[in-house]
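The following blocks contain the structures, represented as structure tokens.
There are two complexes below, and they share subunit A, which is joined by subunit B in the first and by subunit C in the second.
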Partner chain A sequence: MLKKTTIDKLPELAAALMEKGTLVAPIKEDAGFNFREITDAKQVDLIFHNTIISPKSAFFPQMEDFVRYQTGKSILEAAPVELNLKPTFLFGVRPCDVKSFQIMDIHFSGTGVVDPYWQKRREATTIFGFAFDMNEAADAAEFYHTLGIGAADPEGSDIFMVRKDDILMLKVITPKGEKLMAGLSFPTDASADEIKYFDDYIAKGHDYKTRYTCVDTEAIAREFESIFDNSDFWTKISDACLSCGVCTFVCPTCYCFDICDETLFSQGTRRRVWDACMFTDFTLEASGHNPRTKVYQRLRQKVCHKYSYHIRKYGVISCVGCGRCTRYCPVNIDIFSIVEEAVKAKWYKRL
Partner chain B sequence: MVISFKQIEEKLKTEAKRLLGESQVSIVLAYGKGYDENHPMPYVARNPSDVDNIVFNEYCNYNLARYLVRYPAGTKIAVAVKAADSRAVIQLIQEEKVKREDLVLLGIPVYGMKNPKTHEIIDGKTTGGLYNPVLYDILLGDEVHGQAIQSPYDVLAAYESMDKEARFAFWKKEFDKCIRCYACRKACPMCYCDPCFIDQTKPKWGDKSPQSHGNLMYHLTRFHHLAGRCIDCGECSRACPVDIPLYLFHKKVAKACEEMFGQAAGMSIEDKPALVNFRVDDSDKFLE
Partner chain C sequence: MTTNNPYIPMPVAISKVIDEVDTHDIKTFRFTFLNEEDGKNFKYLPGQFAELSIYGKGESPIGIASSPTEPGYVEFTVQRAGTIVPGLVTAALHDMDEGGTIGLRGPLGHSWPIEFLEKKNIVVVGGGFAFTTLRSLINFMLHDDNRSRFGEITVIYGARTPGLLLYKDELAQWEKRDDIKTVITVDKGDDTWMGRQGFVPAVCREVAPSPKNTVAVICGPPIMIKFTLPVFFELGFSKENILTSLEMRMKCGIGKCGRCNVGFKYVCSDGPVFSLAQLEELPRDF
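Showing the complex of A and B:
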């Protein structure tokens, strides 16, 4: 079932979704686009390439409160924070970012230890995937094509959207999406021509080239294992690295967090906050010992976690090629160049 | 006068090759190729053969003085410095983090550097209104003369026209964008504290979560730790993924410091950092 509406009717669609629950969609901010909870239907803007912060924040916000307490009072008076979620609509997610949710599911529910916060948010949310605009050139930082993700890949979305000039086509992918679409009155049925355009567009998405091609995950994992102790290699790779947290904070598949007790006057909150393996104090132990004091050790951890340990443990690369880490790195460190350097032309062929 | 980036790059390569070849230095901090031409990277050359990877173009903004403290004391380092970067080196020498005799400064006289994100020319905004390095051993090109000098404080006009409430509202709005990635402090050549106050837990100075009060604590403290030390390279603002104009506050404090103590940061090795040095004739203006 392919439905359509027009871009100028976007505020109406947004308003209809806001009536049904919470709408999280890209809006334009000073430095670029970001996913935010929409308060004014006119804010929703689909003329964007991709957001600064990945949409993981819809399921795994940078700050999640667990327990509220008062200092000096009994622990029995501490109250857990309940998640009262309304149905949520995550609108306009690029295919590579949709893929990242599946990778994150491994950690937050797939291993058997279920994170209730992630799980509840996932269940409450309907995902509107949104194809990249294939008329514009891919960003120089992106490489999702390498990782087998099409520029118009509907996999993982509940409803998938393709924009053709002023027309926005919406296709139902899952039963969850179908239920939602049935309750929306105004997107109209698409014509036979538009159905053909939509199907062709999705097929074409797999030929839309980003930077590289050909990946053998097994070979990558093996190469990284063999150079783990090569500190000269890692020192060279990390010469420019500032050891800040930009790459991990914008990444859709970085999931490390810290649990902190934060107190303002006597009001305390136990919450989790994003942490980053690039921070010096990430591995600082209570004894004062720190197993990763050098920048190269931290950068090696980040790269090898995604491109080596994760492959060995779960069979997939923990990266979707969205290019955010490269795009926002203050010194332009490019993760795929590191992978390329590590496996030295054994498996890849430059386009 | 037009800057030839290619010519600077060639001279940088020649000098780097010579210094490494003659074993005068063990590393050269310069600029290297990134994933495309608009995105060069800081680069460390350790062998004469590494020199081929060195590049220089209008996007090579990075302040390489930031990397000096990473190497063990006594390491002989050649470092490429633009005007603001040379001031950072001087400031680090004043603060006894590096020694003058361990450094070979490859001065780059340049203007027209661009922000790779916005492609705007950064001369007026940052770089302290200087085009020639303040201190250098080897100058890679001719000194820039005749280019209109912009005061480093000109961009403060709009900010200074705001009253107290408006300024607080301005910073609150800006700091609310902060995601606490700490790119600003990590890009800063003067932020070398280990551990940074915000990472300390005994005592704990500020929260880790990106909320208004914690963000305010982090940024205001950092601003004040840099009072009289910020050399206006603008790296903090360019490193910021959410474009917080941190340079405005740094400039404001630098201006106040310069007016009170008659000394700008990092202009002479003989100076002492303004806030470390007590002079009988120091301004008492702040007490009035």
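Showing the complex of A and C:
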């Protein structure tokens, strides 16, 4: 079922969704676009390439409160923080970012102990995927095509959107999306020409090139395993790295977190917050032992985790080629060129 | 978000505190569950650990020192951390008395592979403070219900000084039994020490357990492990038959927070128990 509406009706669509629950969509801020909860239906703006921070925060917020406690009182008085989630609509997510949710699902809810926060937020949310504009060239940092992700892949979205000039086409992908669409009165049925345009656009997405390098994930995983001990390679790669962690914070598939207690005047909250393997105290043990005191060891952990360990553990690469880490690195470290260098590293001359 | 939320600790009360060593920085805490239901559901095996949780301080992952054959409580032997890194949780716990309440999340991680150990001879090698989950294993194997499931049991346990030996009463009881061979050693004795002196690796060479149908379970400080492993290789033990428990900084304990990641394993949920053969598959990043 393909529906359509016009771009000038976006505020109307936004208002209809806001009536049903919480709408989270990209809005323009000083530094660029970011996903935020919409308070004014006119804020929704689909003229963006991609957001600075990935939309993972919709399911894995930077801070998630677990428990409120009072110091000096019995543990029995501590109160878990209830998650009272309204139906949530995550609007305008690019296909590579939608893919990141599927990768994170494997970790948070698909294997081992289920993370209740991730699962409940996922269940409460309907995803509106949004195809990249293929009339423009891809951003220089992006390489999702290299990882097999199309610029207009609808998989993983509940409703998938393609824009054609002033028309916004919306296709129902899942039963969840269908239920929502049935409750929206104004999108009208698309014409046969529009259905053809939509289908062609999705097919064309697979040929839309980002930076091109042929990637064999299994081979890359092995390559990284074989160069783990090549500290010359890692030292050179991490030469400029500030260990600031921005790559991990903007990343849609980085999931490391800290659990910490914050107390102020005896009132406290235990919460989880994003953490990063780039920080020196990430692996500092109470004994004083720390296996990753050097910058190169931490950058190695980050890169190997994404392109090697994760493949061996979960069978998928922990990267969607969104390019954020490269785009926002203050010293221009380009993660994909590290992958390329690693493939070449066997010929790397020892310094 | 309370039911089945793996991040919310269960309330427990301290029912007993044992000051283990003459430096008074290692104590065994016995906890009883404040909710009876939690106690019933807390089913564990030797080698597993739990997060000790004190609101306002944080959480610490600690190996379970009691054996599941001792119902009604769970024990942890905890060192007060703080010489290099301030240990907020362990310091707060050490300052608590019987009756104090804290939180507990667990049991976490994989146990010593009991089924794999069955019908085999077991050599338990421990050094210093790393003896806690080994004590759990020994008490489990020695229990009347379990003793016949295992072959000969040999324990080689060492500490720097006599005053630093843990579980002294139990060591004395084991020495009296004829179904367990107990070899206790200290690096350096004192005026009252009548027992053996010598480092654990040297004592292992002297005791020379046969590798035949035998599994070695080894826990200790890195330096002890480093010199003990070659002894067991010389004796003919295979890497599959040498087990140890890995340490890594942890937070969640359930394989989600990424902190204890080494190679394609999470030490908390894939370990902490590994065979030497499994460890050799991992990058040297711990």
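Everything below uses one rule, namely that the second predicted complex is superposed on the first by the 343 of 351 C-alpha atoms of A that agree within 3 Å, B and C clash if a C-alpha of one lies under 4 Å from a C-alpha of the other, contacts with A are read in each partner's own complex, and residues count from 1 in each chain.
Here, a residue touches a chain if its C-beta (ideal position, glycine included) is under 8 Å from a C-beta of that chain, and two chains touch if they have at least 3 such contacts.
Predicted, not measured: the structure shown is a model, and the values here were computed from it.
Once both complexes are superposed on subunit A, the partners subunit B and subunit C fit side by side without clashing. Within the superposed three-chain model, A:195 lies out of touch with both subunit B and subunit C [touch as defined at top].
Counting residues of subunit A touched by each partner, subunit B versus subunit C, the larger count belongs to C.
After overlaying the two complexes on the shared chain, residue contacts for A:246 are found with subunit B alone; subunit C is out of touch.
Angle at subunit A (Cα centre) between the Cα centres of subunit B and subunit C in the superposed arrangement: 90°, in steps of 10. When both complexes are overlaid on chain A, the residue A:7 reaches neither subunit B nor subunit C.
Once the two complexes are overlaid on the shared chain, A:82 sits against subunit C while remaining clear of subunit B. Contacts of A:264 after superposition: subunit B is touched, whereas subunit C is not reached. After superposing the two complexes on their shared chain, the closest approach between C-alpha atoms of subunit B and subunit C is 6 Å. Within subunit A, the residues touching subunit B in one complex and subunit C in the other are 258, 260. Residues of subunit A that touch subunit B in their complex: 29-31, 52-53, 62-63, 140-141, 236, 239-240, 242-246, 249-250, 258, 260, 262, 264, 271, 273, 276, 279-281, 295, 326, 328, 330-334, 336-337. Those residues of subunit A whose C-beta lies close enough to touch subunit C in the complex are 66-67, 69, 71, 74-76, 78, 80-83, 107-108, 111-113, 115-117, 225, 228-229, 255-261, 263, 268, 270, 272, 275, 277, 282-288, 291-292, 297, 301, 304-305, 308-310, 312-313. Listed in rising order, the residues of subunit B touching subunit A in the complex are 32, 34-36, 39-44, 62, 66-67, 70, 116, 177, 179-183, 185-187, 194-195, 199, 207-211, 213-214, 235, 238-243.
Across the interface of their complex, subunit A is touched by residues 1-2, 4-9, 11, 34, 55-60, 81-85, 87, 90, 101-103, 247-249, 251-252, 254-259, 261, 263-265, 269, 283-286 of subunit C.
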